[in-house]
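Below is one structure. I have some questions about it.
Lettered A, B, C and D in written order, each chain numbered from 1.
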Amino acid sequence: MGVDAFVNWLRDAAGVLHENAAYLTELDSAIGDADHGANMDRGFQAIVAVLDGTSFESADELLKKAGMTLVSKVGGASGPLYGTFFLRFGTALAGVSSINAEAVGKALHAGVEGVLARGKAELGDKTMYDAWAPALEAYDAAVAGGSEVGPALTAAAEAAAKGRDATVPLVARKGRASYLGERSAGHQDPGATSTTLILESAARTLA
Amino acid sequence: MGVDAFVNWLRDAAGVLHENAAYLTELDSAIGDADHGANMDRGFQAIVAVLDGTSFESADELLKKAGMTLVSKVGGASGPLYGTFFLRFGTALAGVSSINAEAVGKALHAGVEGVLARGKAELGDKTMYDAWAPALEAYDAAVAGGSEVGPALTAAAEAAAKGRDATVPLVARKGRASYLGERSAGHQDPGATSTTLILESAARTLA
Amino acid sequence: MKKLINDPGDVVSEALQGMAAAHPDRLRVDLENRIVYRKDAPRPGKVGLISGGGSGHEPMHGGFVGLGMLDAACAGEVFTSPVPDQMMAATKAVDAGAGVLHIVKNYTGDVMNFEMAAELAAADAGTEVQSVVTNDDVAVQDSLYTAGRRGVGVTVLLEKIVGAAAEEGQPLPQVADLARRVNDNGRSMGMALTSCTVPAAGKPTFDLADNEMEVGIGIHGEPGRQRLPLAPAREIAAMLVDPVVTDLPYQQGDSVIAFVNGMGGTPLIELYLMYNEVAQLLDRAGITVARSLVGNYITSLEMAGCSVTLLKVDDELVRLWDAPVNTPGLRWGA
Amino acid sequence: MKKLINDPGDVVSEALQGMAAAHPDRLRVDLENRIVYRKDAPRPGKVGLISGGGSGHEPMHGGFVGLGMLDAACAGEVFTSPVPDQMMAATKAVDAGAGVLHIVKNYTGDVMNFEMAAELAAADAGTEVQSVVTNDDVAVQDSLYTAGRRGVGVTVLLEKIVGAAAEEGQPLPQVADLARRVNDNGRSMGMALTSCTVPAAGKPTFDLADNEMEVGIGIHGEPGRQRLPLAPAREIAAMLVDPVVTDLPYQQGDSVIAFVNGMGGTPLIELYLMYNEVAQLLDRAGITVARSLVGNYITSLEMAGCSVTLLKVDDELVRLWDAPVNTPGLRWGA
């Protein structure tokens, strides 16, 4: 897989997040502060602007730049979390000669570890980690079963969607939704939703 | 006519204004600041409190006290205007041995002159004077035709009601409604409405 | 009606109690007469400054009592001018022999009640009383044949500037002249995004659709001169600034105090955004902003909206504006 | 959405331009980086104080920049914490060799972004940076197992008090300790009568019926802990004061700064009325009010509602509270 595939991913994700901005903000209104859609859209539009102006030699440079862009443009909880994800994802690809299913798996793991290091969420806290964690597991299982990147990402995205849906009944223990206590139950986590969109986009574009 | 009749008038007017407080405020919302009902009600309830606590020897003392009470308790435009009306109405009755149709007529004239002196309104300015002026005229005509106080006040109240209705199409040139310019047309003046209520009450109680 | 209140009939007296409790260092409140006094009034040799009006415009006027501004403020019911008894009591209490100036906003009720008070106070104790009536609202047209223009934003600036003159010991005639000069050089225009609710009335004074605004409003929740489609801040600023600038008229090279005032329910972020538009318009008109004031100072309960006031100033007015003031609503240099 | 704005995307930058235009005497605004600086920063020998957070809380934080308070404030998008680049730039700009204190409200986003900035600033220029996180909101329960309590009203009091300490030249460790002491001694609780509308979202964050209120809200328009029937001010005051008093716990004989804060759309008349209730409750609890603050200081856009903050103080904290401050949002003694 070359740089182009990752450029496609970021552009595709930007499009999907833009289309879903109002939806993500709607979800964030119920248990947060009504900015998740605007945050993700602002960040990924900034990435698109970078892509429009620069061409990248390597996937790791591209993805690190994407991460730094998110850190610099988003703010809020999602900025450092997704920013760290892409920074570490990119760093994990540095020096990798052939980006295959295994390399992408390592990068995903590195990225999600970054999310954990920053956010210190645990499974069931009703955060984006509730989408990332099952996605990683599904990805690993698929690769272990012989899948290539594309199908493995499809499995990951499907697992993320299940994880996202499973956030609905949870009482939040991290992030802004935790302030609501019991009242956070019954609502889908916005971050788990954007994570799923980003993984679905990956499944479409990275193959 | 003795003090009692005037006590009845003030009590009756207080009751009617209390019942119509929301209506007067509603009228004042359209072209003013939504307080005319509260103002009139506060003032006349204060008069009732005075009546409950004091007995008056003469109609002039009673009515002057009513006027002073309105001045002291109402504020706004209606406080000084109605306050002055009752002060001068009372003053005109001072030393009058028999309060008959003529004496009441003089008192009404004196009161309305007070309203004019304070407010400097002209006919057609869309104020309470648009109810007072035709009322005076009708009262005088009735007395000239031989009417007693009761029927003369009935004629006055009917004329006031017509004057009140005639305020509807007018563009206000005095008071708060004048700030609205053309937009004041199409609304009935609150003060002309309360004047009519007070005169109707007089027709019912002074005889 | 959604308000932080108890019984609607107790709003004014309970708010005054709150003021008294919050500012015991600077204010003394006569709850019976609903008068907010500067704690150390009367000040020997100083002209007493009194204002007052309906409540619902906070911080005006009670919040402008203190060093360098008012000596007393009389609070009426919400949107209802106070009664002469209050102004008389206040006049007597702040008179230290140098006379008293009444600062009255031009509303029929305010003018009549203050007039009665001045007549009575003069007759009663021989206090020398002068009055100045503010009438800066350019939204009111044909003012010659009506109740005239409303007193709005200029009142705040006037109380500050005239307060400084009184504080430095200027005599009554001079203080009164200054007050008239400030009024003559100031103009305002306001607009509303929402109505407000008089507590005793219990519902909004007018209804406004989500895509509408009222332009040319006063400070009593009354409808304005025109109902227009909601517009961007840039256009609203022009609607407010243009009639103000052309009315005096302000001219290229004039220096002004520029005052963007919130109507009570508009947050500061929007007022600063409006100020940005206003400053740009003034810049284009060649008018220099000597000083500025941005915030909720003369309000209409919880109404959303704003007004723009421009006061043409010379060095003397700027000096008096800059002089120390220490009131709950306006404070600097002290 | 009824607001005095142009394009929703430009609200923050246009409001910052307005601040810059309104306060050229005291502030310098880096519009590119969205940083409000004290005009004369850096001050030689003085610990630099920086805060920041999402916009929509005005006057906090930009309005608290100036003598005796902050050296710089970083403005994020509405309700979105600023990014590390801003805090890094501000940190470098205000560092005068005495180090920099970051004042951070406890929200996941704010904490993470400030953390990244502190790491980068320390690595980059060798600036000594300490951080204090405010978390005074007693509405948040089970805070041990969650993101913890929100930083709300205490932040305002802390910025003032710690600002005074920095102004008088106290060294960074002492200033940071003081900040933690202030935070440890302060508690807050808030409620909303209405929601607010994030400009980019275009509609209210939550819907509330005419007879409902949200109790236990923060400052980001988020729903609170409980939706309750609308209650009189007296009962609301008890709902806010009781959990605050019992949490520290405050005790008979304690002296406090009592702070009744408006959420942005609540007019001063209601805040004073609330203060009256709060003062009576404190009086009954035997708690002495050493100082008070009443007004809209840490807001949620145009939300109607209020919060109560109590800060237990000793003579030293009162002395620092009373020290001169000259910012657009808070000013005395200067």
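Heads up, the rule we're going with is that a residue touches a chain if its C-beta (ideal position, glycine included) is under 8 Å from a C-beta of that chain, and two chains touch if they have at least 3 such contacts.
In UniProt terms, the chains line up like this: A, B = Dihydroxyacetone kinase DhaL subunit; C, D = phosphoenolpyruvate--glycerone phosphotransferase.
All values reported here derive from a predicted model rather than from experimental measurement.
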| item | value |
| --- | --- |
| Chain-contact steps, minimal, separating chain D from chain B | 2 |
| Label of the chain whose CA centroid is most distant from the centroid of chain D | B |
| Geometric centre distance via CA averages, chain D-chain A, whole Å | 32 |
| Separation of mean Cα positions, chain B and chain A [Å, integer] | 75 |
| Chain A-chain C separation of Cα centroids, rounded to whole Å | 54 |
| Euclidean distance of C-alpha centroids - chain C vs chain D, Å | 29 |
| Set of chain B residues in contact with two or more other chains | none |
| Junction residues of chain C, two or more chains touched | none |
| Pairwise touch network: line, ring, star, complete, or other | line |
| Chain-to-chain touches, reported pairwise for every pair that qualifies | A-D, B-C, C-D |
| Contacting residues of chain B [partner chain C, same complex] | 25, 29-35, 37-39, 42, 71-81, 118-119, 172-176, 178-181, 183 |
| Chain D-facing residues of chain C, complex | 1-7, 11, 14-19, 21-23, 55-56, 58-59, 63, 193-194, 210, 213, 230, 232-234, 236, 264-277, 279, 289, 292, 294, 296, 299, 301-302, 304-306, 326, 328, 331-334 |
| In the complex with chain B, residue positions of chain C that touch it | 54, 76-85, 107-109, 112-113, 116, 137, 139-142, 145-147, 150, 198, 200-201, 205-206, 218, 220-225 |
